[in-house]
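What follows is a set of structures to go through.
Look for subunit A in each of the two complexes below; its partner is subunit B in the first and subunit C in the second.
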Partner chain A sequence: MLTTPPAKMLGTLLCLGLLLAATVSSLIFGHIPVSLAMLINSLTDYDPGSLEHLVIHSERFSRTVTSVVVGAGLAIAGALMQTLTRNPLASPGILGINAGAMFFVVVGATLFSLTSPSQLVWAAFIGAATAAVLVYFLGQEAGRGVSPVRTVLAGVAVTALFVSFAQGLLILNQDRFESILFWLAGSVSGRDLDAIAPLLPLFGGALILALLLSRQLNLLGLDDEVIRGLGLRVGQVRLLIGLVVIVLAGTSVAMAGLIGFVGLIVPHMARGLFGTDHRWLLPLSAIIGATLLLAADTLARLVIPPQEIPVGVMTALLGTPLFLHLARHVRKVS
Partner chain B sequence: MYRYASFLLIVTCLFQSPAAMAIPPVTSVEHALGEATIAGHPDRVVSLYQGATDTAVALGIEPIGVVESWTEKPMYHYLRNDIQNVTYLGLETQPDLERIAWLSPDLIIGARNRHRTIYPLLDRIAPTVIPGDVYDFKALLTMMAKATGRTARGEELLTRWQERVEDFRTRIRQKLGEQWPQEVAILSFRADHARIYYGGFARSVLDELGFTAPASHRQESWGIKLTSQESIPAMDAEAVFIFMEDDPAVQRTFNTWSSHPLWKNLKAVRQNDVYQVDPVTWNMGAGIIAANRMLDELYQHYDLHQPEHQGCPRC
Partner chain C sequence: MSRTLILRSRKDRWSIKLNTRVLVVTGVLAVLLAVSSVLALTSGSHPTSVLEVLGTLTAPNQSELALIILEIRLPRILMAILVGAALGSAGMILQGLVRNPLASPDVIGITSGASAAAVLFLWLGGVTGTSLLLAPVAMGGAFVVALGITALAWQRGISPARLVLVGVGLAAGLTAVTTLLLVLSPDATAMNAYIWLTGSLYASQWHDVTALAPWLMVCWPLALIKLRHLDAQSMGEDMALGLGSALQGHRLLFLVLAVALAGSAVAYAGAVGFIGLIAPHMARRLVNSGHTGLLPIAALIGALILLYADWVGRVAFIPRDLPAGIFVAGIGAPFFVYLLYRLRRELG
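Presenting the complex of A and B:
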């Protein structure tokens, strides 16, 4: 773990460098390889007749942007959830948010015949929000506010409920199944930037709010009585953070479908490197999350071109060894 | 009770004895999973995959039992007129064994990849033949002609096919000149992905006609599934044949992919050599009739004069 501020600054710079490298790789590697010179050329002097320029402009820009936004969003949402519920295993997947989004997309596609991405994006977002609100209220303990344990239990129950409903609907409407399978599998490719654009201001707002709440978040690790003694309005802070989580996780799921692992693992990696101070933890989670998703998506393209491996598989494949290494390393230090 | 049974036995023997005296010709057919011994000329034929149903009709047999088609359920339109009094046995992947037994067929035709595990059961119901390669419609025709004692009909169909192939090759060579042999790709669109076919029935027919495949498409596997439009350049060829099901979700996928700038950049698309073809004949029929119908479509697409031919029924 990096302890001194200069070391942390250096670490941050290194992470930013990795992010930059991952971004460039995401733009140049794939079934049609593009040279670095060609990439710069396509930015300064776009030629629609060139295959490489076409690939960069029509596909790789949008998937690179999507990877960065979704990776950062999932990572911060995961970090916030882990703090909020005091549960190191919390992530959008555990708290029912993915399942809620999935269920609403399935309902939209089967019962309301929604097909365009711009409609499904909103269905996913509303689903994520509904599940989160449901979990929030089910997680309340009479007279004592949000209980971390109850919240996790409620999340698991809500997940089971939504998943079983969604499966039931899909079994009844098998012909619809294929058309949303692609969305469900989770992918950052072929996502229409126009469809997700309306979500971006919301996403940006939530991101800023999360960073502003860093100090309060640091206190949430303490016992509720102690926090109150320090003059923090626990309920209000929790509610605000809950909102931020809903927006970040909801928009991420709406943009890229169900991508697991990033929300769970990246906060642990950031914590392992930079400690538990949220002023470092949140920005670094965002940077590492974006880097991980970019790298996963780039590798997913390169394994069996021109086919692609689902990006969720790659995030798990990349994330697990790093995670295990960190877990072992941290234990040795302490 | 016992007396009643023995009485029945005697009556049965009495009725059967004349038939038993005229010794039926016995054919032995070697196939992918063994050898079948077939007596006489089987009329009660059960077909357990689409190519066998098509081939049976071409041989002039109306099967007594068939599996359902994949689209245009329960049977492809092009075969419907010739298959009317038939028992449907469920899906190709899970045929109803009890109903097959109930039909007491003389001959069963199955597919190796689908019915390998139930082959021993099928063979106890009736002699069963399993062709080696599901895409080799000519081997299937020869095998089924032999098994049903219709070798003359089978050879006639093959000769006519050969004549048509020769005629097509001559005409398309004249038409395309320098550009022959043409490099063609076979594509398909589904609700959630696109496919490039490297092998399969359509490719084997196109190979026989003399078309070539792009270098990257010359592989052993059936083909690949593409989920990202970034892979569109892999579809490139001088001409492109596309088949897809008539379904709104599939149409939407196709519209999305075909409006992509990379699609418009494909050689075949720029030269306007993109042909939409019938998914049933190109990908599902898999028999001699389907092959003939594919050839009909190709004559049309390349605007070649097609001589009168007396192919098989429904060709």
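Presenting the complex of A and C:
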């Protein structure tokens, strides 16, 4: 772990370098490879007649932006949830928040014919909030507060509930099979830059709010009585963090469907490298999350060309071993 | 209201404790199931009367009607009953084992194991889902995954909490594999696999019934004999050990029983969810008994749920035949929400 501020700064710079590398490779690799010179050329002197320029501008840009936003959003949401629930296994995917958002998005897309992400995102917020409230109430155990195993089980059960509803809709609307499978499997491709642009201010607001709450988040690790003694309004802070989580997870799902495990593994990586101080943890989670999703998406294009693996599948395959490791070492609680 | 009858052999070699309420509820549910089955036999795209059905069942003949009832509807209805009962009892055993009311074969990954194996098989062979090998492959998947869960959760014995968490993790990974295979498959295979994943009893045959039944006939009696050890475990590990129960050995046995029941059911009917989760709760609402008394009741309730779900899917949208799994989720989900609410009130 990096302990001194200069070491942390250096680590941050290194992570930013990796993010840059991942961004560039996300722009140049794919079905139609583009050289680095060509990429720079397309940025400075755009030529609509060139196939490579067209691919970069029409497809790869939006895809890269989506990956960065979704990766950062899910990672921060995961870090916030792990602090909020004091549960190392918490993440928007495991605790059913993504599934709730996904189901409401699918309902909006199939039954109400909403198409633009700026409309769907509100459906996603409602879904995420519904799932969060359900799981929060179910995760509590008599006299002992919130139990990790119980919360995880409640999250999984809520996920099962929403996924099976979405599958039912899928079978009833076979003509929309492709589009519903997109939400279920998770993908960062095929989103127009113009379509996701309206979501960015909301997303940015939630991000800034999370960063502003860093100090309060640091205190949440302590006992409730100690926190109150220090003069923190625990209830209000928890509620605010909950709202931030819902906005971040909801926007991510409205953009890219179900992408699991980013929110689970990234905070653990960031904590392992930079410690538990949220002033470092949150920004670093965002950087690592964006890098991870960019890398996973680039890899997903390259493994079995010309087909693409859904990026949600890639992240799940990367994340399962870590989850199993954590599960084996979680203290016996129930 | 509930009295306990105790049957003893002459020299106290054995004794059985019977709860009258358990007996009554079991009897009522069995009658309900029998009546529902006969009614389900009458409906379909070719409606028949109850008398005709009873006549055909008692004196089979070679008519077209007899063919429809005996070769098409009867095996399907029997499959619904067997699969539902297997899932209900598997859920009951798992919830007792893990001592958590939210555990079920689909939550801890057994169903995902069977699904992943089945979809892999469909993908490799490009087969249409009627292959005889599909069921054994799916069951194999369930057992391999259960083995994996046990191995990963084993640290000087099985701890229920670790078992659940490891199961949840493996289930998520396997779901990713399943989705990957679906995306890689051509559309027709993917749709076919998807219907299997939702759980459908469409085109069940007699050979499915005869292949599934033996599993259940082995598992149920064994479970009935051994389930009192689960009662001992529910009082805490120390109490169970003190009462002379082989704690880890019995945990392993119950896990195997639950996997065999759930795996065989999922293998023949696809990944029907929710029954394993809700049937045990309904059983507990009806009777207050140990696990031995709950087993037949949870099984009968599971059978009833799937029978009705399949009936609706078969008849309500003629000529379309919708997978029973959708309707199980339709019944299961509202009950599940109610259940969560109740659990919260009881515990909070």
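One rule holds for everything that comes next: the second predicted complex is superposed on the first by the 256 of 334 C-alpha atoms of A that agree within 3 Å, B and C clash if a C-alpha of one lies under 4 Å from a C-alpha of the other, contacts with A are read in each partner's own complex, and residues count from 1 in each chain.
Keep this in mind: a residue touches a chain if its C-beta (ideal position, glycine included) is under 8 Å from a C-beta of that chain, and two chains touch if they have at least 3 such contacts.
Only a predicted model underlies this, so the values are computations on that prediction, with no experimental measurement involved.
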{"item": "Superposed model, subunit A: greater residue contact from subunit B or subunit C", "value": "C"}
{"item": "Which of subunit B and subunit C A:301 touches, first, second, both or neither", "value": "first"}
{"item": "Contacts of A:115 with subunit B and subunit C, given as first, second, both or neither", "value": "first"}
{"item": "Subunit B versus subunit C as contact partner of A:134, first or second or both or neither", "value": "second"}
{"item": "First, second, both or neither for A:152, with subunit B first and subunit C second", "value": "second"}
{"item": "Partner chain(s) touched by A:48 [first = subunit B, second = subunit C, both, neither]", "value": "first"}
{"item": "First, second, both or neither for A:317, with subunit B first and subunit C second", "value": "second"}
{"item": "Which of subunit B and subunit C A:189 touches, first, second, both or neither", "value": "first"}
{"item": "Partner chain in contact with A:58 - subunit B first, subunit C second, else both or neither", "value": "first"}
{"item": "First, second, both or neither for A:29, with subunit B first and subunit C second", "value": "neither"}
{"item": "Shared subunit A surface residues [contacts with subunit B and with subunit C]", "value": "181, 307"}
{"item": "Subunit C residues touching subunit A - in the complex, by the definition given at the top", "value": "99-100, 102-103, 106-107, 152-153, 155, 159-162, 164-166, 168-173, 175-177, 179-180, 182-184, 187, 190-191, 194-195, 197-198, 273-274, 277, 322-323, 325-326, 329-330, 333, 336-337, 340, 343-344, 347-348"}
{"item": "In the complex with subunit B, residue positions of subunit A that touch it", "value": "30-32, 48, 51, 54-55, 57-60, 63, 115, 175-176, 178-182, 187, 189-190, 301, 305-308"}
{"item": "Complex contacts: residues of subunit B adjacent to subunit A", "value": "190-193, 224-231, 233-234, 247, 249, 252-253, 256, 260-262, 265"}
{"item": "Contacting residues of subunit A [partner subunit C, same complex]", "value": "89, 93-94, 134, 137-138, 140-142, 149-150, 152-154, 156-157, 160-161, 164-165, 167-168, 170-172, 174, 177, 181, 184-185, 260-261, 304, 307, 309-310, 312-313, 316-317, 319-320, 323-324, 327-328, 330, 332-334"}
